[in-house]
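Dropping the structures in below, format is structure tokens.
Each of the next two complexes has chain A plus one more chain, namely chain B in the first and chain C in the second.
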Partner chain A sequence: MIHFLSIDPAAIDWARAQFALTAIYHWLFVPLTLGVGLIMSIMETKYYRTGDTFWRTTAQFWQRLFGINFAMGVATGIILEFEFGTNWSNYSWFVGDIFGAPLAIEGIVAFFMESTFVAVMYFGWEKVSRGFHLASTWLTTLGATISAWWILVANSWMQYPVGCEFNPDTLRNEMTSFLDVALSPFAVDKFFHTVISSWVVGAVFVVAVSAWYLLKKREAEREMAFKSLRIGAIVGLIASVGAAITGDESAYKIAEVQPMKLAAMEALYNGGNEQDLTAVALLNPFSQPNYAEEEEAPMRLAIPYGLSILATRSIDGFVPGVNDILKGYTRADGRVEPSAKEKIERGKKAIAALADYRKYIADEKAADGSDSIGKITAAKEERLQVLKENWQYFGYGYIKDEAELVPFIPINFWAFRVMVGLGSLFILFFAYILFLGWRKRDIASMTWLLWMAIILLPCAYICSESGWLVAEFGRQPWTIQDMLPVSASVSDIGSSAVALTFWLFLLLFTSMLVVEISIMLKQIKKGIN
Partner chain B sequence: MSLLFLQHYWCFIVALLGALLVFLLFVQGANSMAGSLGQTEGGRRLVYNSTGRKWELTFTTLVTFGGAFFASYPLFYSTSFGGAYWLWMLILFTFVLQAVSYEFQNKIGNLVGPRIFQFFLTLNGILGPLLLGGAVATFFEGSNFFVEKNNLVDGTSLTPVISRWANASHGLDALLCPWVLVLGFAVVFLARVLGALYVMNNIDDEGIRTRGRGRLLGAAVPFVVLFVTYLVHILLKDGYAYDDEGVIFMEPNKYLHNFIEMWYLSVILLIGVVLVLYGIIRTILSKNYFGGIWPAGIGTVLTVLALLLCTAWNHTAYYPSTADLQSSLTMANSSSSEFTLRTMFYVSLLVPFVLAYIAYAWRALDRKKITREEIEKGAHVY
Partner chain C sequence: MGLIYRKCRLHIAKITVFFGKIVCEMEKCVSLWRKCFETPLPMSSHSFWHRAFHLYYDGFRQMTLGRTLWLIIAIKVFVIFVVLKLLFFPDFIGQNAEKGKEADFVAKELSKRVSDISE
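And then the complex of A and B:
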């Protein structure tokens, strides 16, 4: 056996930082692609149905902005896919049998659709029929949305691994049900919540740009701004309500399969029945609270029964806190969750049983040259039995200290509140705009409202990114929930190499972002002509 | 469908995607000589706008190639990407720079000016094919890595990593091997050959077509010399074979044996080479022939397909390790499970449908060739 040097822990942090950086940058561009994609497709449909060239000009204007943003989404997206291999090579092997499939399907089914028809959308106005062009625009949006489906299937599987079984002979997890993976309830929720919330970002963008034209009293863009604002607000209201409903469902699922994430989101140290929902608390955003000693987060304002209803759909449902999960508790259905200490011990037992099994097979082969892989013998069964009994906690065997099992609470707590708070604000904002439209009020003269629309644009991005922070930070220390921690997923690359690529990516993405924003602003200033 | 069939089938699909990717490198090839093809700023814009309508296909094929490799041969994905870190990162960097360069270069508000983005396109045009060609060459020449799956259950290590590169250069060492560079540069010149043929077909401009013919000759000669040299090299060299027990060993003239035993690959290779040469020679000789990209393109796909399959089929280790022979990756020891391969087999049945709509959309856009007038008046130009 070849023994490798253990890699330095800093390499894990840098690998995480690099992935987070790429994902956060990528997520600046994807929601706009999905959201503006939908809105520009609606506008071109109006052109197709009415033949009015106003809608053609309007659709082309939004497609120009879509194009600037789309390029950045593509550029940052490719790195994410390859980073699974470059920075998380152990992970890529351990679950590649399951995780690779959605990524390949995403390429075959979604990316080709997107990249083929986006070219027709850009360059085909004078070359193909109106119907073909409209279909191409919708297919571009559909391709982006299908792509979201498959990557979210992959991500959901990391949050809630289903449809797989560990194979001790190949030393990896293997898929047993494609449908369980592809249609996992966690994936369905995540898809709808993510895509619908992206429509909110697109809607806020369209409303903000339109508001700017109205503020500047640009005559050439006045009609476009009014009509775009209306479509944006309708899409925005439907989407922000939809995001709230799907978000609620997501939280319910998290309570079921990732209770530690929910406890971190709520800064709930000690759980109980009839649990109230924290509206806000003065939690230090920069340091991990002393959850073992403190009763609850300081200056906490709470909504009675809120968390029990959110997590269990009943007023008196039991919601475990961080300490309950670490010490062990009994679930509502009577299942007993062992303590972290026991899980770690059983995880170590599983790893040792697996090592023993591998050694037995290797010794057997060395002794008589026979290869018993795939054949069942009593001696093998005995060793596998111990593995099977403890397999559920295999990943815990790599955990050195139970404090590792608690994600960084402040990020989860605050990001969750920012997301929910801003999401609720969007519902009110879009509803108010549509109300004003219904009452035939002159929005163009309401300067404060137009300014607010512009101010809400960065808030939409913050809201969207906060959602990702909750989803990903809340899963820590796991790459795959309860199965594989980050420390066992990483590649054997020195921290200095990963740190270097981190800074290079940061420099590259930031420069590209600055140029992109500058081009976007100039295009908006230039207007429809 | 047995596991063995599925492993061969997925090897074919991945090789086909790789072959299509090499063909689509015409985008990089044309960009690498946009200055000399276009000569003026207007001419350069014609070239960029011509490749700009196809670059996303190249990009998507690269991503799908990676995804398909991941799904079907996860141990390769894990070992090569996690090991040859710098090689893959360099490839990624150049493609990321390319991705934004089209959209940004001539837009108002571009703070840094068009030149920098044109430089990025040239950089990607040369480094992209060079590094991808170099990566393919490692399938024949071997790479410096170890794989030890039992590390996952070795309680003594802090991080249970199952593979690592055997030297600190993390993949850059491949570029020190002269044969890797020979194939790398062969792919650079092939991309330029295809690039010249593509723009001559796609752009209706007398000047570009005339200069394209000159560039074509300039790229075709080094390409043929380098390619033939490499082909002779692999036919003569020892190769990495494995027996029924999965034990890997060196076999003299392994790739020559592969081409003899898998005679159908030799036929595909021969047809491919003839088609590439036909596309080049007819374009150079005939003043009114601009369709050379099609025979040369199809020929490229067939040639690369045959070469890639020769590295993996017939009991050949496709990703050999020069550090530890038994760490080498074969179709048998690195593939996904039968269940995953079968599931993905059904997904792969969509590939012909995808190819069909790409061909349809491509035809619809290219029916009218690109002219200077279109670039001046077009709604979306780069």
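And then the complex of A and C:
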């Protein structure tokens, strides 16, 4: 008996688009909170150590801008949680016991730690000791960073689900090891890469604002601009290099647990040993390439052996391409990765075994009125055995066509290149600024450099958002890697309802963004007074 | 008649004295309030709770840019939690599934998405 997709297919796309819009909007504020938080803490530390009121005034200025961004970002993340309950109800039920725990901790840590110490930071200048005030500033930043840890643990679990076991009676995945979830190596890499890249955004912001004061020849802010520019450049250079290192680690983990994502990032259709790393290629950004028939992306410029080194840490390591993953291949450690066709078959067996098990329990209950969930019987065990053997491929049972297993390659490919390209540019930019400082060149007279600093500010946001595009588009079609695809995760709701809220959000967020930018620009124009 | 009149006057006098005492007590309270919270005293001489209260009280009173930001936060939170959540983001399973039968509801939802099941 064949069942076709019985929900509104447009609802999937609108639900995805809505989540993407709200997540992208939320991520406009978070990096600046983390990045400027670090820099303002450093500046206040200088005040604490030197007692020089210049650093107090400077720290207060950046704290003011931090506060504007903080206020604008408040509650933007909560909308994502509303969407889980409405648009992604199957997903929420299926994995809520695991996904919900880090989200709850994130909300609690954010609420209590940040809100407690941010009040001392703003209200306590004349009321608490310098040491306590400094500690409060650092704890505000730390609170935001710890909060980020938990949301990244939740997202990492979506990419690499560990520490859980499926309960066929409640139809929920249950956490078997909190530490496996919280300290998953995927989560650790993602945390460091995301937070360090946020420091880059903060550094670019500080450098851009400082450059603007120098361009406008604002005498009152001149000294602050020079010294802030220097601190911003130091933090930016260290963070940019750190982002590159942690990004490399993340890519290595992705090669292990999400090989299709890596193949999409590289537009690698056919893998092999001694794979080159694509620097750039003429890939059509608007349509899925014909990976089944084309050998490689057109006009490909590649770095020899680069991808094998990135993915396997050896020059001749095997890196599977899209077609290898679909057809099945043997990993370096000898494990055989089944073909997509086999995974789909096994997934269907798992789904059928689950349906069979639940029907058996329901029939038992109807027959003798008792709840046989707790009893262990041979018939139950037999059905559960089939489910356990094929559980690993459960999500594949929802896949109709192998092509669904391939993410949209152009977005992954180009977003990855935008991220790495801009990240590399930031390293050069910050290094150059520090070099000029070391050679005692007058940066204030280098108009082209100051304009570049300002232009790089939107580029920093584009770089940061591109990273998330790679992470999330590369995981498609899965909401939970291999466990649940988007088609099974989404609620059976009409697409018009989701489309309406999408446009509402777009209107609301655009208005709020305009308000934030105008308040921010007004305060920057006001200067340090 | 005169007796009733004298008794009424007595009661009115008692009520007047009673309210007069209340007003005196209120004036004492206001004076104490001003003494505690509006007279600048060395903060170190006060308890932790007093200082913590003053941190927020004085901080919120002296806000300038913060007032605008708090207004924006209030509007945003209202729109998100009252307008959006109540009107556009219902709990889908809570609304559609029978209490205690949520797993069966989700099982049915998931079974709708399967491409084919062999029976």
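As a convention for this text, the second predicted complex is superposed on the first by the 521 of 529 C-alpha atoms of A that agree within 3 Å, B and C clash if a C-alpha of one lies under 4 Å from a C-alpha of the other, contacts with A are read in each partner's own complex, and residues count from 1 in each chain.
Here is the rule we use: contacts are C-beta pairs under 8 Å (C-beta built on N, C-alpha and C of every residue); 3 or more make two chains touch, one makes a residue touch a chain.
None of the values given here were measured: they were computed from a predicted structure.
In the three-chain model built by superposing on chain A, chain B clashes with chain C.
In the superposed model, A:399 lies in contact with chain C only, and not with chain B. Within the superposed three-chain model, A:493 lies in touch with chain B and with chain C [touch as defined at top]. Between chain B and chain C, B touches the greater number of residues of chain A.
When both complexes are overlaid on chain A, the residue A:115 reaches chain B alone and has no touch with chain C.
Of the two partner chains placed around the shared chain by superposition, chain C is the only one that A:169 touches, whereas chain B remains out of contact.
By the document's definition of touching, both partners, chain B and chain C, reach A:504. In the superposition on chain A, no contact is made by A:31 with either chain B or chain C. In the superposed model, A:514 makes contact with chain B only, not with chain C. Legend: residue contacts after superposition of the two complexes on their common chain; A:82 is shown touching both chain B and chain C. With chain A used to align the two structures, chain C clashes with chain B at 96-104, while the other stretches in 24-32, 60-68, 96-104 or 240-248 stay clear.
Overlap of the chain B and chain C interfaces on chain A: residues 1-4, 6-7, 64, 67-68, 71-72, 74-75, 78-79, 82, 85-87, 89-90, 92-94, 119-120, 122-124, 127-128, 170-172, 348, 351-352, 354-355, 358, 398, 487-488, 491-493, 497, 501, 504, 508, 512, 515, 519, 523. Of all residues in chain B, those touching chain A in their complex are 53-54, 56-57, 59-60, 62-64, 66-68, 70-72, 74-75, 77-83, 85-86, 88-89, 92-93, 95-97, 99-100, 102-104, 107-112, 146, 148-165, 168, 170, 245, 324, 336-337, 339-340, 343-344, 347-348, 350-351, 354, 357-358, 361-362, 364-365, 367-368, 374, 378-380.
Interface residues of chain A facing chain C in the complex, by the touch rule stated above, are 1-7, 64, 67-68, 71-72, 74-75, 78-79, 82-83, 85-87, 89-90, 92-94, 119-120, 122-124, 127-128, 169-172, 348, 351-352, 354-355, 358, 362, 397-400, 487-488, 491-493, 497, 500-501, 504, 508, 512, 515, 519, 523. Residue ranges on chain C touching chain A, taken from their complex, read 43, 51, 54-56, 58-60, 65-66, 68-70, 72-73, 76-77, 79-81, 84-85, 88-94, 102-104, 106-107, 109-119. Here chain A touches chain B in the complex through residues 1-4, 6-7, 9, 12, 60, 63-64, 67-68, 70-72, 74-79, 81-82, 84-90, 92-94, 96-101, 103-109, 111-120, 122-128, 132, 136, 167, 170-172, 174-176, 178, 348, 351-352, 354-355, 358, 371, 398, 487-488, 490-494, 497, 501, 504, 508, 512, 514-516, 518-523, 526, going by the rule given at the top.
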